[in-house]
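I've put the structures underneath this note.
Next come two complexes built around chain A: one with chain B, the other with chain C.
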Partner chain A sequence: MAIARRKFDAVIIGAGGAGMRAALQLSEAGLKVAVLSKVFPTRSHTVAAQGGIAAALGNVTEDNWHWHMYDTVKGSDYLGDQDAIEFMCRQANEVVYELEHFGMPFDRLENGKIYQRPFGGQSQNFGGAQATRSCAAADRTGHAMLHTLYQRNVRANTQFFIEWMGLDLIRDEQGDVLGVTALEMETGEVMVLQAKATLFATGGAGRIFHASTNAFINTGDGLGMAARAGIPLEDMEFWQFHPTGVYGVGVLISEAVRGEGGYLLNKDGERFMQRYAPHAKDLASRDVVSRALTTEIKEGRGCGKDADHLLLKLDHLGADVINMRLPGIREIAIKFAQVDPINEPIPVVPTAHYMMGGIPTNFHGQVVAPYKTGPEEVVQGFYAVGECACVSVHGANRLGTNSLLDIIVFGRAAGNRIIEDLKKNPHHKPLPADATDKVLARLARLENQKGGENVAQVGTALRKTMQAHCGVFRFADMLKQGVSRIGEVAERAAQTEIGDKSRVFNTARIEALELDNLVEVALATMVSAEARNESRGAHARDDFPQRDDDKWLKHTLYFSADRRLDYKPVRLKPLTVESFPPKPRVY
Partner chain B sequence: MRFSIYRYDPDKGDQPYMQDYDVALEPSDRMLLDALVRIKSVDDSLSLRRSCREGVCGSDAMNINGRNGLACITPVAGLREPVELRPLPGLPVIRDLIVDMTQFFQQYHSIKPYLINNDPPPETERLQSPAERAELDGVYECILCACCTTACPSFWWNPDKFVGPAGLLQAYRFLADSRDQAGAERLDNLEDPYRLFRCHSIMNCVDACPKGLNPTSAIGKIKDMMVKRTV
Partner chain C sequence: MKELERARWRCRRGLLELDIVLQRFMDKHYQQLSETELQQLATLLDLSDNDLWDMITTRKEPEDASLWPVLRLLQAA
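Up next is the complex of A and B:
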């Protein structure tokens, strides 16, 4: 079968905030760029971000990027790479002003400047008083940002391939990345997109968990493609459980609720966060708050007849503040929890939310992997940004509002880097003869499978296994068992069968291909978590409750081919300032 | 619970038909989308778009018992049975509940949906008072789901010429932005017997909007702007 082929300067997979920010840079530079997305760009999951984007604008309280850097390093439980963190925090103001100039409808203060609100883990003066650093458009910051970026790309005439799914990376013998194979969902056709630069901005993979704030599309496609192509995945044991997902549903309730003055209560009506984080209380880091909620439930202080959730109270903020600053939260609470937060608290539980790990990159967005001479050699032609990448600015725990900053800073940086790199490498390299063999074999397997298992069933087994074995608190025996159970799920996933064989918009086929990617992410997560014998950030081991910097101040690298682990050092040296050495982390 | 769902797969060459499903829902299946996901776990050929499942991405707009809405924020309890599900009206069907939204997005693009300001950007943010910013409330929140536009008879008759309520709501979003400098150009772009003036204020769009927005009111304000600049 002859496969159609098209050539571009750059191909971007994913049209969320990171992909579209990069695309804008490339389109405005006049490069020929293709942006592929499984969904229409404004349906990408950036749209669901609520509370804000961090930048030390100082519009409300005195602030500077260095304090933001300190908070981010501390929030990461010292696993974040300090060169990348300095790079991000230094650029925050500039990229936020740029978004405003693009037309993003930020809320405003009386003096006409961008509105900012407090958020968890953000301090003034290196751990002092609470900072007010989150730049917000009500509680719809992601929506405002994503639509603005799409609009700006319309202006720049960016070429989108809408409802196309990336299938696999194409690498040559040297390991250079030369493009991707992709599937056009409407026609079922497979195409080769050859590119001098391939950028992954495929977002998260929260759908490996049964209870997740993530959209259906968050299936880790970029990680699956990278893993199958021999690229390691970094720090996959670190998953953020957001403290406040709607009980029983999983829909996100923004930390902005607590930023605006809301707080958590247990069944006795106690503000229990005071016990866990005497200084920051409800605005401690998310890992700390999620563990507190889980502990309250475990110790019998949960609410409801099954004592299995807690309450988020905000009625004291008053109808005006709620309607002006938290209108989306009110809408979600009414629809999904059947409570109006103007009168009643919202029932919440910790819910899988964000993947700190991902495809290893440097702060230019270039993918780096061990090859011959060191652990961080650049993979030529391959870039990754946003949640699918591990740069690593979030380390073992991400601060709220740093994800929107991450996607904009590194989306732009990767765009700039690609422009530079293409000046040096202006030609397409020849594609290897077997460029499409593996992916066609994978598709043929799925088409011809007889007597295989239903995709939905295997997916449910995967999500329930991850939920039970790799949650907020982790136990040695459960992790060990989890590794073998997920291994079994992987075998079942390789034998799935679809009933739908249509070429036209075959969502059964898409879901089967997504399952392949979820399996890669789940395996990487479980294997990495089982091996890390310490507690750091979001990885909380029951049997190793302390952080162990002597043995574990290092990044995990997981290799899919033999499910092997390797490690590499944390970059403790920032670009220009002094390093923040690891110290006990209290809030 | 009983459902009757529009089915069409051009790859099979059959005519469209309505298929009945009788499915036992779990207590956790609160929204229509949960029910559809359950049906799909049994019949994987049922095709629909869905993503955020919380009403912000705009993927799963469809016609539910005769009204346009988002499956993910439509509670199943209280829906009349059999629940009749059809693709959004007025757009070509690709397959089952999936419509071709090309025309809808062409109309959106036609209003130049981006801020136009030719002054060199300042070092920091452009200032905007809270009152000026409040003009965008109830306008910028559109999720481009097309529930409104595909509920509008004027769009059904002239989808190539009438911008439609979603596009016009966004036209107003930029006309109302104190930072935008292209007001006159934007009004010129709508000054036409079809693009704006095919709206006859029947307010189907207001009724259909799952986000509670009011395109008719925004269209009225654009018409006022047109009048003001001629007198």
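Up next is the complex of A and C:
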């Protein structure tokens, strides 16, 4: 079958904040750029970000990038790479002012400067008083960012391929990346998009968990494509869980509820957080509360017929407070939990929220892997930014509002790096003869499968397995079982069958292809978590409750082909300042 | 051809809240929609995520009053 081919200077998969920031840099430099997205760009998951974007502008309280750097290193539980963290925090002010200049409608202080709000983990003076560092556009920062970047890109002639799905990477014998294969949903046609630079910005993969705050599109496609092409995935055991997602659906119930005086109950009506955090109680940090909920469920004190959730009580606040201060929360509870919190508690569970791991990169956005001689060799022609990448600025735990900063700083940096790299490599390398063999085989398998299983069913099994075996709190026996269970799910996923075989807008096929990617992410997560015998940041092991810097101050690398693990050192040396050595993480 | 699939895909949003409400709506009502209502649905799906969510949660009203019949179904979904 002859496959159509198109050539670009750069192809970007993903039109969220990360992909569009990179695209803008390239298009404004006059390069020919294609941006693919499964959905209309402004419907990317970045739109869900409410809290803001961190930058030490110091508009409300005194601040500087070095304090921000300290907070980020500490927040990462010392697993973050300090060169990348310095790079990000140093550039924060500049990129925020740049967004302002692009027309992003930030809220203002009375003096006209950008409004900032305080967030957990932000401090002045290396662990001192609370800092006020998150720049916000009402509770719609992500929305404002996406719309601003989209408009700029349209003006800069970025070419968007909307409702196109990237399928697989194309690499040649040297390992260089030469582009991707992609599927146009409307026609069902597969095309080769050849590029001198290929950048992944496909976002997170929260949909590997049964309880997730992430939108349905977050299926980790970039990670799947990278893993199938032999690129390792880094630090996949680290997932941030939010303690209060609505039971069964995952929609986030913000910390504001507990801030107003709401609290959690187990099936005995006990306010159990008092036992876990006698002082801070329900307002302890996210990871502490998430772990407490999970322990209650594990020890049989969960609520409901399956004893699998807890209750968030707020009726004692009274109708007036709820209606006045928490109207959005009441709407969510009524719509998604069928309870009116004025009368009844909201059923909640810890819910997967953010993926700290991803495709390994350096702070230029170049993908690095131990595939030639060193542990961090640049994979020529391949770049990754945003939630799909692991640069790694978040290490074992991300601080709130650092992700929007990450996507903008490294989106721009990768754009700049690509511009430089293309000056040195101005020509397309020839495509290998077998460029599309593997992807066509994958599609043919799906086409011809007989007696296979339904995609949705396998997807459910995958999510339930991850939730039960690799959730907030991790137990040795559950992880061990989980590795074999998720292996079984992977086998089932390799034999899915779809009823609809037509070409035009075949969503069944798309969902089957997404499942392939979810499987890669789930395997990487489970295998990496099973092996890490310590607790660090979001990875909490029942049998190894302490952080172990002697043995585990290192990044995990997972290789899909043989489900093998390798490790590489954390980059403890910043660019210009002194290193922050690991210390116990107490708040 | 494939209008249902197209509509279903356009119900894939950046906000999980919308993903869920739109999926419920599609399961319950899509098959019964008239030609005009399908048009209205298309118009609503073209809105940005936050505008659409604001209308579903009755925080905002549509400028185009003809959107009400489908919007009411969405609000109840």
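Simple rule for what comes next: the second predicted complex is superposed on the first by the 489 of 587 C-alpha atoms of A that agree within 3 Å, B and C clash if a C-alpha of one lies under 4 Å from a C-alpha of the other, contacts with A are read in each partner's own complex, and residues count from 1 in each chain.
The rule we apply is simple: a contact is a pair of C-beta atoms (placed from the backbone, for glycine too) under 8 Å apart; a residue touches a chain by one contact, two chains touch by 3 or more.
Keep in mind the model is a prediction, meaning the values are calculated, not measured.
Asker: What does the overlay on chain A give for chain B and chain C, a clash or a fit?
Answerer: Pair status: clash.
Asker: Between chain B (first) and chain C (second), which does A:A444 come into contact with in this model arrangement: first, second, both, or neither?
Answerer: neither
Asker: Regarding the shared-chain residue A:R152, is it in contact with chain B (first), chain C (second), both, or neither?
Answerer: After superposition on chain A, A:R152 lies in contact with chain B alone.
Asker: Just chain B (first), just chain C (second), both, or neither: which does A:G103 touch?
Answerer: The answer is first: A:G103 touches chain B but not chain C.
Asker: Counting residues of chain A touched by each partner, does chain B or chain C come out ahead?
Answerer: Partner touching more chain A residues in the overlay: B.
Asker: Figure out whether A:H143 sits in contact with chain B (first) or chain C (second), or with both, or with neither.
Answerer: It touches chain B and chain C both.
Asker: Examine A:A48 and indicate which partner it touches, taking first as chain B and second as chain C; both and neither are also allowed.
Answerer: Both partners, chain B and chain C.
Asker: Can A:F505 be said to touch chain B (first), chain C (second), both, or neither?
Answerer: Both partners.
Asker: Please identify the positions on chain A that touch both chain B and chain C, taking each partner from its own complex.
Answerer: Of chain A, residues 39, 42-45, 47-48, 140, 143, 147, 215-217, 249, 251-252, 328, 331-332, 335-336, 502, 504-507 contact chain B in one complex and chain C in the other.
Asker: Using the touch definition up top, name the residues of chain A that touch chain C in the complex.
Answerer: My answer: residues 38-39, 42-48, 140, 142-143, 146-147, 163, 185, 212-217, 249-252, 328, 331-332, 335-336, 502, 504-507, 510.
Asker: Which residues, counting only chain C, touch chain A once they are in their complex?
Answerer: These residues of chain C touch chain A: 1-2, 5-6, 8-10, 12-17, 19-21, 48-50, 57.
Asker: Flag every residue of chain A that touches chain B in the complex, lowest number first.
Answerer: Those in contact with chain B are residues 39-40, 42-45, 47-48, 57, 93, 96-98, 100-103, 105-114, 137, 140, 143-144, 147, 151-152, 154-155, 186, 215-217, 248-249, 251-252, 328, 331-332, 335-336, 454-457, 498-500, 502-508, 511.
Asker: Which bits of chain B are touching chain A when the two form their complex?
Answerer: 9-12, 28, 30, 40-41, 43-45, 47-59, 73, 75, 94-96, 98, 101, 105, 109, 112-115, 117, 121, 123-130, 132-133, 136, 140-141, 143-144, 174, 177, 179-180
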